[in-house]
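We call the chains A, B, C, D and E, going by the order they appear; numbering starts again at 1 in every chain.
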Amino acid sequence: MAEPPPTAPDSRRKTLTRRAKQKRFGSNRAEAPGSSPGLLIADPDAVPTVINIVAYSPAEILERQNVSPDDIVKLRDQYPCLWVDVHGLRDVKLIEQLGTLFALHPLALEDVVSSRQRAKVEEYPHNLFMVARMINSSGTLETEQLSIFIGKGYVVTFQATPGDCLDQIRARLRKDHTRIRNSGADYLAYALLDAVVDAYFPALDAISTKFEELEDAVVHRPDNEFVSELHHMKHDLLTFRREIWPHRDMISVLIRQESGLISDQTDLFLRDCYDHVVQLVEMVETYREIASGLLDLYLSSLSNRMNEIMKVLTIIATIFIPLGFIASLYGMNFDRSISPWNMPELGWRYGYPFALGLMTAIGLGLVYYFWRKGWIGRGPRKR
Amino acid sequence: MAEPPPTAPDSRRKTLTRRAKQKRFGSNRAEAPGSSPGLLIADPDAVPTVINIVAYSPAEILERQNVSPDDIVKLRDQYPCLWVDVHGLRDVKLIEQLGTLFALHPLALEDVVSSRQRAKVEEYPHNLFMVARMINSSGTLETEQLSIFIGKGYVVTFQATPGDCLDQIRARLRKDHTRIRNSGADYLAYALLDAVVDAYFPALDAISTKFEELEDAVVHRPDNEFVSELHHMKHDLLTFRREIWPHRDMISVLIRQESGLISDQTDLFLRDCYDHVVQLVEMVETYREIASGLLDLYLSSLSNRMNEIMKVLTIIATIFIPLGFIASLYGMNFDRSISPWNMPELGWRYGYPFALGLMTAIGLGLVYYFWRKGWIGRGPRKR
Amino acid sequence: MAEPPPTAPDSRRKTLTRRAKQKRFGSNRAEAPGSSPGLLIADPDAVPTVINIVAYSPAEILERQNVSPDDIVKLRDQYPCLWVDVHGLRDVKLIEQLGTLFALHPLALEDVVSSRQRAKVEEYPHNLFMVARMINSSGTLETEQLSIFIGKGYVVTFQATPGDCLDQIRARLRKDHTRIRNSGADYLAYALLDAVVDAYFPALDAISTKFEELEDAVVHRPDNEFVSELHHMKHDLLTFRREIWPHRDMISVLIRQESGLISDQTDLFLRDCYDHVVQLVEMVETYREIASGLLDLYLSSLSNRMNEIMKVLTIIATIFIPLGFIASLYGMNFDRSISPWNMPELGWRYGYPFALGLMTAIGLGLVYYFWRKGWIGRGPRKR
Amino acid sequence: MAEPPPTAPDSRRKTLTRRAKQKRFGSNRAEAPGSSPGLLIADPDAVPTVINIVAYSPAEILERQNVSPDDIVKLRDQYPCLWVDVHGLRDVKLIEQLGTLFALHPLALEDVVSSRQRAKVEEYPHNLFMVARMINSSGTLETEQLSIFIGKGYVVTFQATPGDCLDQIRARLRKDHTRIRNSGADYLAYALLDAVVDAYFPALDAISTKFEELEDAVVHRPDNEFVSELHHMKHDLLTFRREIWPHRDMISVLIRQESGLISDQTDLFLRDCYDHVVQLVEMVETYREIASGLLDLYLSSLSNRMNEIMKVLTIIATIFIPLGFIASLYGMNFDRSISPWNMPELGWRYGYPFALGLMTAIGLGLVYYFWRKGWIGRGPRKR
Amino acid sequence: MAEPPPTAPDSRRKTLTRRAKQKRFGSNRAEAPGSSPGLLIADPDAVPTVINIVAYSPAEILERQNVSPDDIVKLRDQYPCLWVDVHGLRDVKLIEQLGTLFALHPLALEDVVSSRQRAKVEEYPHNLFMVARMINSSGTLETEQLSIFIGKGYVVTFQATPGDCLDQIRARLRKDHTRIRNSGADYLAYALLDAVVDAYFPALDAISTKFEELEDAVVHRPDNEFVSELHHMKHDLLTFRREIWPHRDMISVLIRQESGLISDQTDLFLRDCYDHVVQLVEMVETYREIASGLLDLYLSSLSNRMNEIMKVLTIIATIFIPLGFIASLYGMNFDRSISPWNMPELGWRYGYPFALGLMTAIGLGLVYYFWRKGWIGRGPRKR
């Protein structure tokens, strides 16, 4: 569960979400509308292309960094299983050479390079083309496209930047006579997919932690920032769902497809992976419902506070306004010397105590009235 | 309907839901992303594994606690039907031995041990693997995984902790020549499933009781705690639904599957069990709608109270503010000795009664106005 | 449209809904979780079982009250069509005898006795088993289970209490050579089902009348009771929908089933009955949408009233607070004898008229300001 | 777009919707629950039955008003296509004679007479039975049932009252050698259906106009009447949807049915008609979303006005309450002659200017404070 | 991303949306209800019809403007692929001639001319008829109908006005031996469709930018205009969705249809186009959810401001009202000379300091009380 470092987390979060937003919002299409399909146009910011390969049999393994397509041709027939692991999408030429080598369809390669596809699987004559979306390991919700081609004896993967969540797979490949080494290319593809799916769980756990904080916050600090944060959370969940959801269909199609490239044995494992995706989707839906519940909680807590504020105002104002009126009344300057009708109270012996008593009576009366209504203390109804 | 004991129920509830939340939220995955599937890793908090067996024919029954896999091999052929009832998931070795003995698939065993699966059914070459979620008998909504394998002549079940809702089944097994003793392993599996499903009803009944209390509370005590409680109820219902819902698909798949392991006779019973799940799902949906209705009721009751408070404030303030103004007016100190234009009222014979009368008239006028608007008493419109 | 009698309707309603609620909420399961299925356990409050029969051919009819199973055996072969009409579910033995007589499946009989099933149809080897829910004729929304078995030449029905909505059918049976007498058991079953469905219409009409009252009330009496009543209406509609909805599937399954027990002729009539159920469902959905519209209407009417109240308060307070300030100002006691700077206005010849004029000017200015804002009168914008 | 005449539109609208509501709400079932199906019971208010016929071939046409069933028998064989156009449903006998003549099924005739069916299509041995709902041409949303039977060489239609939206069809029939005259009964039925569907468009256009008015009103006149009107609009849209929606299924079933009564050629036209219904449904859904958007707009505008009102109150009260306090302070009557501690300010040379200055300072300070908060003017944040 | 010019954007927007609304709302049907189908009636405002053609083979291309139907007949057999590109729908005769030439069905031609169809595809004996909706390039959300007929060796397109988003396609056609020139009519149709779909992305990007502005605005300028703008945005998204959504079904039907007019190769490209539409739909749905989230954010921010306003009012009023009361109290004129009971405080040596002290104590007490409640400063709970 990789959290951003504690220094200035808020400002950093803003920068990240701003960048993430630009990826998420907008369509980010490099190509102009109406341009020819199957044409590979590299993103100007793309990283240079590096091809690594892992060739293995149950007993042997060969890892090579930064190979050329010619090297691959040689290695291809020596090992039963070959993983061509491509990082960086700048060298369109190189990618096209790989395409010719493994009979990758131009439309699929266009999807590889454009890099903004939803998770999907497509069946081409010589191979299966899958797109999965890897979550960024840095704790943000940005995802990166992992394009996977499965053919007879080879898996070709493409990703835009070097870092990923597949190192565990690379490590597992290095151990001899394990299941991954004994199985074919289809199992390797499954293992990659499974690693991609599993990497979502820590990110969801981080969201879960955030939600617990929000649940506490709504009780102790129901300010406007809360809603803004909740809004961002809902936004994140929306993105999350949009990224994960297509994996469900994708794996389901993969299980049912009949190209012969995926063995029944691997289907069983894919079913397991499918269960994980369903679990992810379910968790996201649950969080979405919790989020809308939190908003209700917040709004009603806001209404409650407003009620409380108004009650205090009403009680104070309602008690003192009549008292103030009486005080003002006896502050009038009617000329008592002219007639006995003018403010005789002022000349009473106990005039002042009488006025104070009147005020006390009215004040207590109102207090009693508010107590009966339940605005002061617990009210009589609770007894 | 097992309620928690009455002592300090609130604090206890909090502790429980906190723990429950940690289970519910978060993904609780012991394995790291990208690790090899089919690898059994025991939860460090797991309870030691104990294997009990019940072997029976219509006329005979043998119950043995804490047996070893070797014991099972011997018993297996002596009775037509064998229930291997495993509690505790710590001894991964033992579980793997059982797996070899009954040809349980490694992926299924991984699901058994990971213990956080949704209800599902999977068909493997030699047996059917079902996951059900048993509700905790302690009145909380925590569920525990019950993993069931059905094969020819045996049922193997796994659960993480000893206590469960299956004692009734164990008791029924002890009676000779009953239907459960006359039927095969498939009927036993159905009986277990049915007991799991039926155990949800008391929990839902407890929720129902809670809802009736809330319905009363919204009328007599519409405070903020109400919303918080409602929020927890909705959360619980969400969990509930998430737990129950997959059972529906699971049983439906079970009825339609064609492995030959489940007889047509048992299908009839499973249909009955399916009806119970549908009933549960329907009840949960009804409660969810009631919950959102309660929130509306609460919010509008809050608005009403606010209206009432504002009305009191407005009436008092609006009546006394003009009166106070008049009193202040005649409290001004304009020098009557300088000119007859300065506050002649103060020198009137009936100046004071005139001022009092003016105030009374204005006060009564405003009272009449508010009565006409229906703010005081029932208003004229109701007549 | 049977309304409860006018005396003390409210208290009665409460009692009824309380009882109804206990039926609706909670699961009301007599059996303990995990108990053996197919076991008949009578509800301790059940009414004693009475078996009536109607045996008929197009030309002849025989009605007998309170017969024994043995009587039925004799009558069975004499008439082409037999209706065994059972009231009261206490004598489980008797019901089991009937079960043996007509080959009724134990699981179906369990559903008959448990009496809390949703509407459904199940196909058994020798007969069809249908559950319908009859609305109570007393104007409340409680429903009673009508269990119907259709076999070759017979219909067996079970209901918990004697009163029902089927008397019309009994009357129609008594007329010779009518369609119901000319047709077989399947038509009789259809006629029963149709009577059950049609009995919902008066109950919905009562709800419709209630809604028109509420629509008037929201305009003339928008108090808190309104929301509470609306809440109950929504609750009732929820129950209603839950009861009716399964009938739709049930009849649809009935039309498509292929047991040979239902003739094509009767299928046409069932289609008609299906249309009625769809109409009921549609009406309920419409009322539910109207209900949520009414809540919006109420809440916005509440907000409007609040606005009105606040406007009155604001106008009065805002006008009189500055005036009161001026009055207080000239009520200060600064010593004019010490310096000419101290409150010279008090010594002006027209000081008092000046003060009054100032107040009038400010007052009128504020009135004009509020009129411009549209708070007093219709405002300038409307001109 | 037939609007009601401008005189007293409001009162008239109320009367109309009241009548319409009585049709819409309530089930309007003439028959008692449980009565025999297929029995024709005329509505006591029904209009006397009149049978008109139009018999035509591509080159010839014969129109006859008020014919008897015997006349029809004669005409039937002389023309390839016959339209029996029945208005008024009082003479049940006459309708039954027609039923016998054209082999119309009793259940279908019952639907014809009951006159409250949803749009649907049913296949009977000798003909197809369709129910469509014609919108009233008077601008209200009341609909009337048009029952259409299609058989070999004839179309029989029933409607409750004479006026309808089919005159255009009657006019088109009078032109020789047009498509409608060249085609068979199925095309005539399509043409009738199409006319019924198209007649909904002007009614929806009227609603659209009304919505634009409401959109303006919410800005300039956000009073309670607005919500009430919106509520009625939503109610109307609900009715609308309920009436139109079933036509979609109906035409879809009609296109796929295989009775041989509808030619492939006509299917193409029905597909076109289907598109129109889909367009209608879509427009209704759009208006429903707009309606709920308008309510949000209204409520937030209400909240804004409340905020504005409160702001004015707060500003005035908050500024003048402290000033008033100071004025009251110096209006106290402490006896300055007794000690120099008692209100020395009153004896200062510049006491009064000092007090005025203090008040001005406080007043300006508060104004500045409110300006900074953005409550007065545009606030500093906007600069 | 064509934005309107910066001069007076608001007024312009209003004019545009007003015009757009008239297109969107209302049904805009030229024909009267009940008129004959397949009859071409030109819109009186329609642009004169111009026919351009592009005839091409992989190596050759011929472009001709403003040709007559006779010219087309000649060209048709000389080139393997012909694009008849028709602008303007006024000359119904000309369109009918084209219809005869290419066997276009009259119903399809009616849809072409009526110009208000949803996206759809229909299979006719000799060709496929597709309707797509092109977004207006001027930045508004108005769409224009593009009708496409695909037959063996030809594509015929119709659009109401000359400007469109297809110039890119025309440019691509001019290059020899490109894929578009090597492929047949089906690929050309795909290319047109793809250009239409891709043109939606810039429009959605503009909406996305607008949403980011709104998200900022809700924090810094939460006025009523915000809601009104949000309402318009939601309206636009509604229109958007209604326009885009049917393209999804359309392309899906196109992929699965089996007329033989679309090659498997082109199906692969259509699948790609389908992905784009799904992406568009998903983006629209995301924006719709964001829009409703923004409304929540706005409303709660409004509530918060109200709370803040009320808090200021309450604090000031609640502090000064009691103080003012005390001041008024000692401003009463009870006659101290008559008895020692009358206002003895006025005669105290430290009467005035005592009164000031009392006021200070009460004021501070209330400030402390409000601080404890968290209304002033951050409150004690946060410490």
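Throughout what follows, a contact is a pair of C-beta atoms (placed from the backbone, for glycine too) under 8 Å apart; a residue touches a chain by one contact, two chains touch by 3 or more.
Source: prediction; values computed, not measured.
J.: Out of curiosity, which chains are bumping into both chain B and chain D?
T.: Chains that touch both chain B and chain D, as defined above, are C.
J.: For the homomeric pair chain A and chain E, should the interface be classed as same or different, according to whether the shared residue numbers exceed half of all numbers used?
T.: Chain A vs chain E: different; shared/all numbers falls short of half.
J.: When the C-alpha atoms of chain C and chain D are each averaged to a single point, how far apart are the two points in Å?
T.: 25
J.: Mind checking the centre-to-centre distance between chain A and chain C? Centres are C-alpha means, answer in whole Å.
T.: Spacing between the chain centres: roughly 41 Å.
J.: Check each residue of chain A and list the ones that touch at least two other chains.
T.: Only 303, 306, 310, 313, 317, 321, 324, 328, 331-333, 343 qualify.
J.: Which of line, ring, star, complete and other names the graph you get from chains that touch?
T.: ring
J.: Head round the ring from chain D, going the chain E way, and note every chain as it comes up.
T.: Sequence of chains in the ring starting at chain D, next chain E: D, E, A, B, C.
J.: List the residues on chain C that touch chain B in their complex, please.
T.: Chain C residues touching chain B: 21, 25-27, 29, 31-38, 105, 107, 110-111, 117-118, 120, 122, 220-221, 223-224, 227-228, 231, 234-235, 238, 242, 295, 298-299, 302-303, 305-306, 309-310, 312-313, 316-317, 320-321, 323-324, 327-328, 330-333, 336, 343, 345-353, 355.
J.: In the complex, go through chain B and note every residue touching chain C.
T.: Per the touch definition, chain B meets chain C at residues 165-169, 172, 178-180, 191, 194-195, 198-199, 201-202, 204-205, 208-209, 211-212, 219, 268-269, 271-272, 275, 278-279, 282-283, 286, 289-290, 293-294, 296-297, 299-301, 303-304, 306-307, 310-311, 313-314, 317-318, 321-322, 324-325, 328-329, 331-335, 338-339, 341-343, 375, 381-382.
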